[in-house]
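Two complexes come next, and they have one chain in common, subunit A, joined by subunit B in the first and subunit C in the second.
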Partner chain A sequence: MSYNKKQNISPTLAALYSAAFALPAYNKTVEAAGAPDSEPSISARISKYDEDRLSSSNFSGLGDQKRYDIEVGQVSVVYPINDTVQLTVDSAYEKMSGASPWFVQPDAEGSPVQVMSGATIDDERFDASAKLDIYKGKYTISPSVGFSTEKDYQAIFGGVSVARELDNKSTTLRGGISASFDEVKPTSDVVNDPNRIDSDDKENVSAFVGIGQVINKNTVVQSTFTIGHLSGFLSDPYKLVFNSAVPGLRDNRPDDRTQYIWSAQLRRWSETLSAALHADYRFYYDDWNIRSHTLDVGFLKHTDSGWSFEYSMRYYSQTQAEFYEPFYQAARSDGYYSSDYRLSPYGALSFRVKLAETINNWTVGVSAERYISDKSYSLQSVDVENPGLVDFTLFTFGVDYSFK
Partner chain B sequence: MEIYNFPFRAMGSPCEFQLYTSDKNVAETACKKAHAEVTRLEKKYSRYRSDSVTSTINKSSGNLSGTKVDSETALLIDYAQAVYKQSEGLFDITSGVLRRAWNFKSNNLPTQSQIDETLELVGWQYVEWQRPHIVLKKKGMEIDFGGYVKEYAVDAAANTLRNHGINAGLVDLGGDLKVLGPHPDNKPWQIGIRHPRDPANAIATTTLGQGAIASSGDYERFMTIDGKRYAHILNPKTGWPIEGFSAVSVIASECLIAGSCSTVAMLKGEQQGKSWLDSLKLPYISVTKDMHVDGTTNLD
Partner chain C sequence: MSTKLTVALILITLFVTSGCTTVKPWERGTLSKKEMSWSPDPLAATLGEHIYFAKEAAAGGYGSAGGGCGCN
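Then we have the complex of A and B:
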């Protein structure tokens, strides 16, 4: 029939559709902008994050092959204070244990192998943050504050973001700034390392601008540009580097890092599949010369039997920081060294499934993710893989309750 | 696949969900949720309930600091404002007070001065709408969501059913309806268009595989005086019942759009209404005063 064919829609009809599609009954893919949840809700999650044991072929024989396991508990509360102000409080507690990569050295054949920290690290982390969403006409203003604390690390952070709906309501502009102040106070119970710093700090400031556009009732696109600047102590106090020319070097990185991120998101509701599809792309560049691409695609379906099923996969590829080497054979003139696998060239794939069911006011969900990283997944060819690349599995169980 | 019927009464009309399902429990849960959504909207916007949003707004008339509304209400007001603009002021949610002059049960015409008196309180221009605050500037003014909330409820109920995985069926709230999807054999639904002089029967039928159809007509409330029919659809500018079409049904992807377009076409009258409907390029069926059926869709 003619009404669902693409045709030149009359301006009158376009104006009516534009006003209608802002209403909640037509929003399958997006939450209605500027609409506070009318009822309080609480959600709780527990997660188990397990890194794979370091493989024997990448292991130097020094330290413990058992890597990090982290148990996480999270609670989040959304509370509408009145018609125009909504409070969201998030908190998380993590308990971690396991060994972490210490430095990389060459084996008898000259291939890099990982030296792990010896003793098992045990640590706990607690963080909490609060955000207000203040709806003022076409504007939503969202200030937030938070902190994070663990034995060797403290951080406080805050920010504010503003969203503005344009007159047609199908376009939303967003912008925001945030800052974080962190203090690192390394403990000495990992490995005995008298040359480690006592304490130092770093700052992170960032700003973003973005635009969201409702293309039609089933399609929404968003694009965001973020610029961030980190300064202060950006090295890893627990990591050393192996240099056959200069013994006893520590991980030492520049005191500044400027990061640029562009991301684009597509959300589409498919009538035929009665499922929501998403595709997100992110490009990252920093002045340490790391470039990365992330592509995340997924599929969410509500089945006949009342369950919802979500499947998604992510591809990631990055180039190395300019001063990174698995191990060094000469002194660098700039004095920067790091063998951290997170600064190495690699690619990664991750697969996630999630099942959830809503019964009355309750939603119960379980999800699983498998993440594997490898030099062969990289977009550029990588000669030498960092032996410390991590693979992990993540299980999450969550319960949400809405006070309807 | 079996057909599952869920009849109920809401918004002053007989209503029904008809859906195809392989699991009766799923259908039952889905219908309960969709029914709850219709009931929620009925309670929230009923002008007969003193605790409704409508009553709260109307009680604040004349108070220049106005009253605050929630976001769904705000979006419904935005929508009404859009239809007001697109209809050049003919669709006006402040026009309900004309009811005070027009009593269709009395079989008496109001006097012009009675109409003029209520007309003083009619006009979107006397509403100050600065989200989330609405101000009805004149004491005694009223707004009424009744002109479009039923159609919105059709879409909301259909959305709830879809979210429960229902892809074949029909939502019918007093003759305004939305198709969730065709019959399992892919055949479209047969839709009867109410006969304006014999509302229990159809004057025409059409078929709909998806989308929504909403109707507006002079048959719901009216009185006949000296052989002339005065129907409840009142022109907010003159305060008098509209003349022209006897009924208009519009087909659109959403019932809310279909409903507003059929109402505006009724308000515009036969000639202007027809050219307006043609400019929208939406399929429609119109019935003139002498029961002549015309339209741009497949009629049987």
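Then we have the complex of A and C:
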């Protein structure tokens, strides 16, 4: 159909197109989908996550340079219960091994070097969640619950979101709340440390509002504002800090953290390339004084023969937490200390490719991602890079099946 | 957030929405393509967000909910 002929569409044909738009496949681009899928589907992924070995120039010589390797299995089932309710159940299993950054100390020249855990960490994690999408006219109500369990950590979480369609589905308003209740129970597998906590709790509550807008026949945008609050034990129970003035200090962070996040997403169809262009931006700020910018852009193309190709790039930059130092030379008046590389200033680049083919009800795909972090990628000048910054590679094999 | 940022966000929103045109349901064939969805591969997105959550200070912001883990 030529788009410039729309003025001449008959009422009957318009009604047919309207009916077609009400089909599930037509609604998957809009957050408030309007109806469940027409048939159940199941998806499975197997992934291999490998962190690069800690470089010798950043290594203190203490511990093991071999960092985390994680094998991940994921299964997702989408089941339309009836004409107005759809159930989605997701589960994931992870098996991880490797050494973890323990603390940072100065070398003979005063440069920071990483001390790693001395023993191999072996752990497993299992999580599962269930979500209902309940379609009530122009509203979609989506309650969800889930849990995550591993040897030293338990979490239960849940939430509910509501989407409301306006202006003949050109605009979608969304809002939601969620909460997670977590328990930390450190093990002695890494280092037997009698001063470590036995167990503690933390909570995370968040709320978001958003709007999605169809701009034209080829462009749709979405924007979301989220506010989150974490409270309780927010430190890393396994990490220490080096302080030449006060020996024996542990990683100790404030027990409250408020986060403000704004995101904007764009999907645009290129007639020239016959492909979709994706752009996602996120600004993050929290009251530990961390600011970050994330930009994710992608190119997705599906061919008539069933092949699909995706290429995407992600850029990330963050400033440091106000109490972070690679190592300390004096006591802090507030008593907060952390040398965790995740609270340090840096930037990161990642590159992803995915290739998949759909034959009848089956889709089989492979994907790869390479992630590199470095102080030179930061938007702001960084004087001293944390030696524990991580680079990793992720490979995934996936299968989807639709019960058509 | 700073006043400058708030003003910038409002201006961006006004700029984007000012370009809106009415798109009839029968004109949305392109928008309905799978590759145009917000999350074409939800499982890949879930794993990716989980990894970034474990390795970076910032997380969330796209409206989805989840629990914590010992990885962070």
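Rule of thumb we're sticking to: the second predicted complex is superposed on the first by the 368 of 404 C-alpha atoms of A that agree within 3 Å, B and C clash if a C-alpha of one lies under 4 Å from a C-alpha of the other, contacts with A are read in each partner's own complex, and residues count from 1 in each chain.
Assume contacts are C-beta pairs under 8 Å (C-beta built on N, C-alpha and C of every residue); 3 or more make two chains touch, one makes a residue touch a chain.
It should be emphasised that the depicted structure is a prediction, and the values quoted were computed from it without experimental measurement.
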| item | value |
| --- | --- |
| Which superposed partner A:W262 touches (first subunit B, second subunit C, both, neither) | second |
| Partner chain(s) touched by A:N243 [first = subunit B, second = subunit C, both, neither] | neither |
| Partner chain in contact with A:T84 - subunit B first, subunit C second, else both or neither | first |
| Which of subunit B and subunit C A:K138 touches, first, second, both or neither | first |
| Per-residue touch tally on subunit A - higher for subunit B or for subunit C | C |
| Subunit B versus subunit C as contact partner of A:H302, first or second or both or neither | both |
| Which superposed partner A:G146 touches (first subunit B, second subunit C, both, neither) | second |
| Contacts on subunit A seen with subunit B and repeated with subunit C across the two complexes | 1, 3, 9, 13, 17-18, 20, 25-26, 28, 169, 302 |
| For the subunit B and subunit A complex, residues of the former touching the latter | 21-23, 26, 29, 68-72, 75-76, 78-79, 81-83, 85-86, 130-132, 152, 155-156, 159, 162-165, 167, 208-211, 251-254, 256-257, 260-261, 276, 279-283, 297 |
| Touching residues on subunit A, where the partner in the complex is subunit C | 1, 3, 6, 9, 13-14, 17-18, 20-21, 25-31, 43, 45, 47, 49, 72, 74, 76, 90, 92, 123, 125, 127, 129, 144, 146-148, 150-153, 155-159, 161, 168-170, 174, 176, 178, 180, 182, 184, 202, 204, 206, 208, 210, 213-218, 220-224, 226, 228, 259-265, 267, 269, 275-276, 280, 282-286, 290, 292, 294, 300-302, 308, 310, 316, 318, 321, 342-343, 348, 354, 367, 369, 371, 390, 392, 394, 396, 398 |
| Touching residues on subunit C, where the partner in the complex is subunit A | 1, 5, 9, 12-13, 16-17, 19-38, 40-44, 46-48, 50-52, 55-63, 65-72 |
| Residues of subunit A touching subunit B in the complex | 1-4, 7-10, 12-13, 15-20, 22-26, 28, 32, 34-36, 38, 83-84, 135, 137-138, 169, 274, 302-306 |
